[in-house]
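In the two complexes below, chain A is the common chain; its partner is chain B in one and chain C in the other.
Let's look at the complex of A and B:
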């Protein structure tokens, strides 16, 4: 017996022990209270509540101009209680504008990721169900979408067509649909190999009933995770386009619009740009943390891939 | 192997063609360029007609499209509506500036990202790992326009260490490169960590350890080459996104590159230039994907076979 063979023997003897330990630690980790995820969830709930209660919290005159109180810094930087987050160059309260912008940004991201999920999932299910040339053409579309410089095309479309909120929402919806389609197709293919779909089909269920009532609820987990990640990507794209002045247009305002507006005042009033920017970062970060955690919970074997 | 390469080449060409055609037709449908280019006080029917005739806008859309495609193959991308210069020369004039940023940003991103990703994988579950991963997630949660504004406020306005924008010295490069790289360093780190952990779990690594091979040698000769294969996908995405990434960074830091040119052209509705840039970006994305796909086969003999390749890729 050479030396490395004996070593391998020792390694093999140790293997079951290591595996047991690894499994234990995974279980322990998965059920442990995660302060980071709790914080992330708390932030998102706070954001949602403030977006929903916006009309109650801020009266119409909250965003009115007050030219005597221009460029007031936030409370902790020498400001006062009248404007906790300071004011902009027209004396508008940043907090009030922020609440309005959060609502717009969340709405755009919700509609955008919802449209993408609807389009992508439907096409993915269709591809898996009908196979053949239908599947081939869906795959072609998916590949085409993935290989397009989508941000640049979106930029050009918005600029050339002038800005309509509807077109903007459609573009946000198209963004990322191909990942839903890929995911939905592979999930549906594996579901079609299982007994329950065979049973449902043998009862004569149609496409809508089979996929809407049976397949979708069974494969919803990964799709929801994808939707969370897509949601944060839509927020990033929306704010980037709005920052350039091609997204959400006045009188509406989104978080990106606010950062773009504050860009002019970086030397005199940094808070105008920084406060909405921090809100974007915290939101996207919270969504990623929660998305990752859900992915881990859904698929513990895939933990290592995070 | 040859059949695989040819098929991939064909699909790449098809993608570029479809993208360019889609953009051409949709942008032409957006409105009459003649009315946008002319100053309000010059709009008379005769001037408009002359302009349309000059740019070939009085032809049917299908004729314009065929003309455009034929010209593109001859290297003629049309003329800028703004100053009449060829679109291709405008793009080529700004390309070196963008490449100058890339030359610094790409190696920085890849080396840093992979290095901290491997480090996190080796320290898996410990404080170092958690700190690196939290930083990585934060890095790609910060939109680059906001990172740009933050760094301008901190390093240019408050500390006066670096200029707020423009070109000229090595100090002008620092902030744009930082904003271009931060998010992708995070993505590379995260992906490398996952890939490395997968390799670390394989029996051959345990075998190498058991044989007493030094840790550094295992990492260099076995873990890195195996872990890099999945990371290639990210590399392809990264190269493909370089031009889109430069749009905001260049316009924020007034860096006269392709991204800056795109924003200017888009706002002045300069069709030919916008189309040329979209073609360039599309070519870059497709080439990057093609190279990544092909190098998979080159690096991993298991994928070389056509059968397997069509299933994996």
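Let's look at the complex of A and C:
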């Protein structure tokens, strides 16, 4: 037996293994889920579940004041099991308030980014469809919006019209519309150059059918990514405005309100401000990680097989 | 749909010009640079006819197709369908126009929506026009697919799962869904390989007969046009330079550009012709904008060609040509003939 043959035997014995490995690695690559995005997803799911099950997890009296148990530190910092995350200056359980606040913040962010996506995408499609002066004016609005810091606009609106939860939601909804509009316009323009949209127009389909059924499903990827990234920005904006006292008003509470409220105690009872702050950071970070990952996955250049 | 008598004028372009702006203006209040993709084109399409529009890339043939479909509005002139300007159509008239005139797109330009099953794409025109019941539409889709030679199972697939030839057939099936009178085919075969090209050409040939279609074929392939068309218009720099019945045009081309084009097309088992390379002239209007657009590349250019644009003139019945050389030559021949006749009398 020559060296070659003996080697061949080894290769033959190895072959099924190699194939298995190849197949496994392909499968692994196809379904690979980076641990970081798994963690991010787990965190968001946890947040969502706790926001949804809020009413089950904590009874209304959980946020009742207990003046005998004021400023209790969290469990690992000298606290006890009665108040895992400690209490605030009125003796309210931080965990219970956190759950309520998460619900408000998520609701605001969800409605806000949903409204923004709807408004921006519609305007972008309209601009791409009608061209001419309509497009020009949409573009002008977009540029105007992009040139002004949104926090200032929001502050001005809230200060002028007075604070109401409805107005606050609308402001959150307007936030970021110009990016959707820009994106949707350019995506629609490229889709309108494709044969299928011409064909759809050639048999006289209307605006809704053309854009709802043909254009939108084909350009949804980048819009979804933008929505995820916008979602985290809305949470941040909401927190910022609430921190300044112009956002969500008591008795409602949001993550931003909690941070703002805890600010005065930050030297003596740091957990009141830090815990909701950590939740904000983790949530925004998770959303950004997932958004980036979606962007990579939806990019046709990175897509090996579909 | 079968009620039309043959030779009825269906679609006409009347002195149509389409000017596109290219880029921004150099200075305020100056006119921005522009291109006339189609220039003063008059074209008639009669029922039962198969018209081929040929020309090199950038000659404006596709733009002309789009103008005929109403996708694009002419800058000057008008497009008439059954004697009515298509821009002045009411909503219902426009719907009727959409039913009567359909377009076959080139598959490579994404003619099918990648996110929808074939069935949903072929049935959509019927849905939009609310033709028949749900069941009738369903049956119609299967009829159409079998008409273009596709198995019914393909209806459940997505475009990415089909071959290029199959996709082109689906595009044709979708265009036929509304039983149009006129089918405008924009380069239906240019992306396919030769065997698929032949299949598609034969399919269009059969369908045009069985469905009594009036065909407009926009193509740069002279072979395809020769095989399918009864009449051919040759475009150059946005103008029609010659228009004649297919047989006549391929045997007795008059315009020097047509001759160059025919000489440049490869052919087997034909005597090698004297072939002058076709000088490409894109549609950018000459600085002066006067004179014949082909003058700079024409082998027999004369002084007149550079100073005045030739008009499309019907030299022989049904044979139009836009060339000073040819028309003056013919005129002088005619004059000589007349002189002879005069002498004889």
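Going forward, the second predicted complex is superposed on the first by the 266 of 306 C-alpha atoms of A that agree within 3 Å, B and C clash if a C-alpha of one lies under 4 Å from a C-alpha of the other, contacts with A are read in each partner's own complex, and residues count from 1 in each chain.
Criterion: contacts are C-beta pairs under 8 Å (C-beta built on N, C-alpha and C of every residue); 3 or more make two chains touch, one makes a residue touch a chain.
Quick caveat, the model's predicted, so the values are computed rather than measured.
Undergrad: Kindly say whether there is room for both chain B and chain C on chain A in the superposition, answering fit or clash.
TA: In the arrangement built by aligning on chain A, the partners chain C and chain B fit side by side.
Undergrad: So, does A:205 touch the first partner chain B, the second partner chain C, both, or neither?
TA: In the superposition, A:205 contacts chain C only.
Undergrad: Scan A:239 for contacts with chain B and chain C and give back first, second, both or neither.
TA: After superposition on chain A, A:239 lies in contact with chain B alone.
Undergrad: Return the chain, chain B or chain C, that is in touch with more residues of chain A.
TA: B
Undergrad: Going by the contact rule set out at the top, does A:160 touch chain B (first), chain C (second), both, or neither?
TA: Only chain B is touched by A:160; chain C is not.
Undergrad: Just checking: does A:90 make contact with chain B only, chain C only, both, or neither of them? Give me first, second, both or neither.
TA: In the superposition, A:90 touches no partner, neither chain B nor chain C.
Undergrad: Examine A:152 and indicate which partner it touches, taking first as chain B and second as chain C; both and neither are also allowed.
TA: First partner only, chain B.
Undergrad: Applying the document's definition of touch, where does A:217 land relative to chain B and chain C: first, second, both, or neither?
TA: second
Undergrad: What is the contact status of A:143 with respect to chain B (first) and chain C (second): first, second, both, or neither?
TA: first
Undergrad: Quick one: minimum Cα-Cα distance, chain B versus chain C, in the superposed arrangement, integer Å.
TA: 5
Undergrad: What is the shared patch of chain A, the residues that chain B and chain C both contact?
TA: 306.
Undergrad: Within the complex, which stretch of chain B touches chain A?
TA: 11-12, 15, 18-19, 22-23, 26-27, 30-31, 125, 134, 137-138, 140-146, 149-150, 152-153, 157, 190, 194, 197-198, 201, 206-207, 210-212, 240, 243-244, 247-248, 251-252, 262-263, 266-267, 269, 274, 277-278, 281-282, 285-286, 289
Undergrad: Which residues of chain A touch chain C in their complex?
TA: 194-196, 198-206, 209, 213-214, 217-218, 306
Undergrad: In their shared complex, at which residues does chain C touch chain A?
TA: Touching chain A from chain C are residues 69, 71, 94-95, 98-99, 102-103, 105-107, 109-116, 121, 124-125, 128-129, 160, 171, 174-175, 177-178.
Undergrad: Would you tell me which residues of chain A are touching chain B in their complex?
TA: 4, 7-8, 10-11, 25, 36, 143-144, 147-149, 151-153, 155-157, 159-161, 232, 236, 239-240, 243-244, 246, 256, 259-260, 262-263, 266-267, 270, 273-274, 277, 280-281, 284-285, 288-289, 292, 304-306
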